[in-house]
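Structures given as structure tokens follow.
Same chain, two partners: chain A is paired with chain B first, then with chain C.
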Partner chain A sequence: MSEKSGISSKYRKVAYYPGCALEGTGHAYNRSTKAVGKALGLDLVELKNWNCCGAMEVKNIDPKLQTFLSARNLEIAEEMGFATVMAPCNGCYHNLKKAEYDLAHDPATRETVEMLSAKAGDVAYQPGHVSTIHALDWIREAIGEEGLRARVRNSLKGLKIANYYGCMYTRPRHIFPEKDQGPGSESTNAPHFMDDLLAAAGAENVEYPLKTACCGGAHTLSDSDTSTRLVLNLLTTAEACGADVIATECPTCHSGLELHQARAAKVFGTVTHVKILYFTQLLGMALGLSARRVGVHENLSDARDLLRARGLG
Partner chain B sequence: MPIHEKSLIRPESLLRQEKLVLDGVDVSGDWSTFIESRVVTDYNEQMEEEIAALPGGEFIHRCWQCGSCTNSCTVNAINPEFNPRYWIYLIRLGMEQELLRDKDIIWQCVSCNKCTYACPRDVMPEGVMKATAHWLELKGHTTPSPAMVFDEVFSGQVFATGKIEEGRLMRGFFARTGQKLTEDWFVRLIRGLVMRLPLGLLARLGWAAVRHPRTRGWRRRRQAMAEYVAEQQVVHRAALRLPPATEQRR
Partner chain C sequence: MSPLARADTIAAMPEAALAEQAVPLAQALLEASESVLEDWLRGHGQVPGSGEIEGFRLLALHRQAARGTPSFNACRESCRELIFQCNMARVSDDTAARARRLRLAAMVARHLALFVAGKLENAGLGEFCCSARDLRGRDEGLASGTMEGKHG
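Take a look at the complex of A and B:
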């Protein structure tokens, strides 16, 4: 917080890695992340000619290939002159972090990535040069809770929110060395960055015990019944906690929750009414952006009536 | 009782004669109940080594059976038969036939990494589940699971173009698993969304589906990864004492 604007110079301008999902089903997340950045006076510079991080699926075929794919994106960030890359998707964020960790700690992985990079004609990324942050870290570090509170134009007051972080943001612990470092750092056991930001925007966070439970996103299509049961658990618990909205921070969790909410109603006959919104959509509306500007109409879970009733959007 | 002996009291091991007279004594029904004795002769002493040779299985030898993995497991909570601790135990003992009883559910691990988070010995049980599912498939004990098919379709697209286009991914997956994309709740959901979306965005999404997003200059990376995958396949089959693959799967 060095400058007068209250914006940390380190995070005013960062490299942006949207990832594949944000160009498809997660488009609303992409749109609202960029809109929030703009409203806060932050610059996002998209990585040039990026590729898929490898996701869970390439890791299942071979973890070293996933590291190669993720490392190429880190190398692009470095070549563009950035020390920080921001990835809003939990999967991408997790994979870039994992690539950084594996390259720094596992000689066999480094050897394979260097061999693949040489064959591919790429410069092999060297660990320690680029740090990966999540959209939550980005807003929290760049603006801070106080800075955000000062910029709120349309408080989320009265909106009860269950904050849902999912699996990939905190597990496994060893790939997130900056977490669990005492006061001010993120907790892998009870994450709170999203809670903090939304509370600063005026929302009332409910006590939600399933913040880091699994939505079954990995098998959302290949084992739908398991995914529906896991999602239903998240939805009914959020409702039991009194939440109007589940705030998400991952396109896979988000679309999984939306799809399986509809599937649960049809297949298991359990109807739930809680709405699902990206945390960036909620922050954007608190900053005075319209519901349309943050892509609320692009969500499968139609929250427009609820938001209108609360004077948002 | 050692954990694997629970199989001895499975219902099929309990023998009971409805009508039985022994030495002139009527022992019909409950009086004749006994547990069938069982001798294990099918230890596969290479099983732990083989699974450790596949990606994810490397650290299985560290396990000291504390049970933190099963205790924290997402899938175990909805299906008690899904028991990573037990499977690790069986693999390390080489009890292949016992493991095969659960062969059709091991792939259902959702990779939430709660086990890996909880494990005090850094066994990385999530990786062990993936390695075990691979092992079952390579050994011919199971056909490729839906999750494996999804991994292959997904990775195939990443290897080919550098990016994922979700519409094509779903069509590819449903085509290979023979499912229909037209379940009515799904159609209604998409129709509801399309009604809300502005024309400009719809046109953009349609264009993306036709154009296929791709990373430029991907050819050399594709070749490098294809060579690596082929090399690893040879290494894995050799580690499992399998003959070289005659043909590549799609």
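Take a look at the complex of A and C:
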């Protein structure tokens, strides 16, 4: 399947669903994902006229309407001629995967989506036509760890990283049938794709026992103290593990860690120093891109001094 | 001492003390975490079971708590990780490694206690994300999760 360039033809060019967070608080993730893709010779084609995946606002009130919204994005990908859509946000990735699962397993959901599609004048998406992947899958499958290692121009050597995957990348397990399939597949108990990619870029991954633990993200506004306590424990544990940086792969996790790091200092008086960076920002710098190019200056967690001291960016 | 205070105390102990008492401290962390899940079960009108899964009561209690409440799987990995770190602390010959494992175990135990305490106050914690369920649908008596009539 691999071409001479070492890039998998299946993932060289995929449909791109950034989702709304990547146009707002997660802008640096959008920027760094696109920059890494370009540096690796991969093509991302943004879905035309995409809509919200239903996120948590719609899903919490009417899950079948959320399924319709996610399914519409899958249908757009299909109409554009793609069999694969890449969603870097854990929430979007999760919702598209859930839509796929529900459409394949629940006739009532299928019926609602068909009805809403007809009302909207859209073709209803049929399950099984488009596969949703995460940015981690995309880079790992398209380039591979060896391919990435060969392209590293500025090793992350000496940088100690705790990889935080959050919850929606692996839970609930039944909507991710491709995971837990043995060697080479992602694990829902102990995910490792981000660890693998950053290790290939030269980083030293620390053992982090809370890589999928709850950050209280969905309740960050309604119950801020619970979120702050949970995030503070994620941060202090990363520091106890010796991490300089927590790598993230979701804009919601990323903002939650950054905002509650600041809130923990203000409300509980507990200051933590670990930096928070998107894994795509770290990979981008390893590929020789500047810190600015991958949007490090857009992060609330200011890692610029640390990166300069390590000769990165 | 509350489970959270127990975890905090163990996390703050000096390396030598952790390494010297690794076996009883690991047991104390497991028991403190079991009591967290017992509180959850009692708070939901259930009698905590005495069974074990893979030799650990903590896993059996978690399974009991998660039955019918899939969002409780948000702390499944924390339970398994806690057991892993405690096992490693018990079997390691290296003083520094024993202490490090126990400290990590204490931090995982702290997370479990914080999560369950948060969920006792706010039942929706983990519901939307970890179980992919809607928060409001069931509150409004919409068993199917669909707002009947809205789509017609």
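Methods note: the second predicted complex is superposed on the first by the 312 of 313 C-alpha atoms of A that agree within 3 Å, B and C clash if a C-alpha of one lies under 4 Å from a C-alpha of the other, contacts with A are read in each partner's own complex, and residues count from 1 in each chain.
Keep this in mind: a residue touches a chain if its C-beta (ideal position, glycine included) is under 8 Å from a C-beta of that chain, and two chains touch if they have at least 3 such contacts.
What you see is a predicted model, and the numbers here were worked out from it, not measured in a lab.
Once both complexes are superposed on chain A, the partners chain B and chain C clash.
Contacts of A:S155 after superposition: neither chain B nor chain C is touched. Of the two partners, chain B and chain C, it is B that touches more residues of chain A.
When the two structures are aligned on the shared chain, A:T236 is found in touch with chain C, with no touch to chain B. Contact with neither chain B nor chain C is seen for A:Q126 once the two complexes are overlaid on the shared chain. By the touch criterion defined above, A:D223 reaches both chain B and chain C. In the superposition on chain A, A:A213 makes contact with both chain B and chain C. In the superposition on chain A, A:K98 makes contact with chain C only, while chain B stays out of contact range.
Of the two partner chains placed around the shared chain by superposition, chain B is the only one that A:E298 touches, whereas chain C remains out of contact. Within the three-chain superposition, the chain B stretch that clashes with chain C turns out to be 76-84, the only such case among 76-84, 94-102 or 166-174. Residues 56, 60-65, 112, 115-116, 167-168, 171-172, 213-214, 216-219, 222-223, 226, 229-230 of chain A lie at the contact with chain B in one complex and at the contact with chain C in the other. The part of chain A that touches chain B in the complex is made up of residues 20-21, 23-25, 27, 49-52, 54-58, 60-65, 68-69, 72, 112, 115-116, 119-122, 167-168, 170-173, 188, 213-214, 216-219, 221-223, 226-227, 229-230, 258-259, 262-263, 265-267, 297-298, 300, 302. Interface residues of chain A, counted against chain C in their complex, comprise 56, 59-65, 94, 98, 108, 112, 115-116, 167-168, 171-172, 175, 189-190, 207, 209-210, 212-214, 216-219, 222-223, 226, 229-230, 233-234, 236-237, 240-241.
Within the complex formed with chain A, the residues of chain B that make contact are 55-56, 74-75, 78, 108, 110-114, 116-117, 124, 127, 130, 145-152, 154-155, 158, 162-167, 170, 173-174, 177, 183-186, 188-189, 192-193, 196-198, 201, 205, 208, 213, 215-218, 220-221, 223-225, 227-229, 232. Across the complex, chain A is touched by residues 11, 70, 73-75, 77-78, 80-81, 84-85, 103-104, 107-108, 110-111, 114-115, 117-118, 121-122, 124-137, 144-147, 150-152 of chain C.
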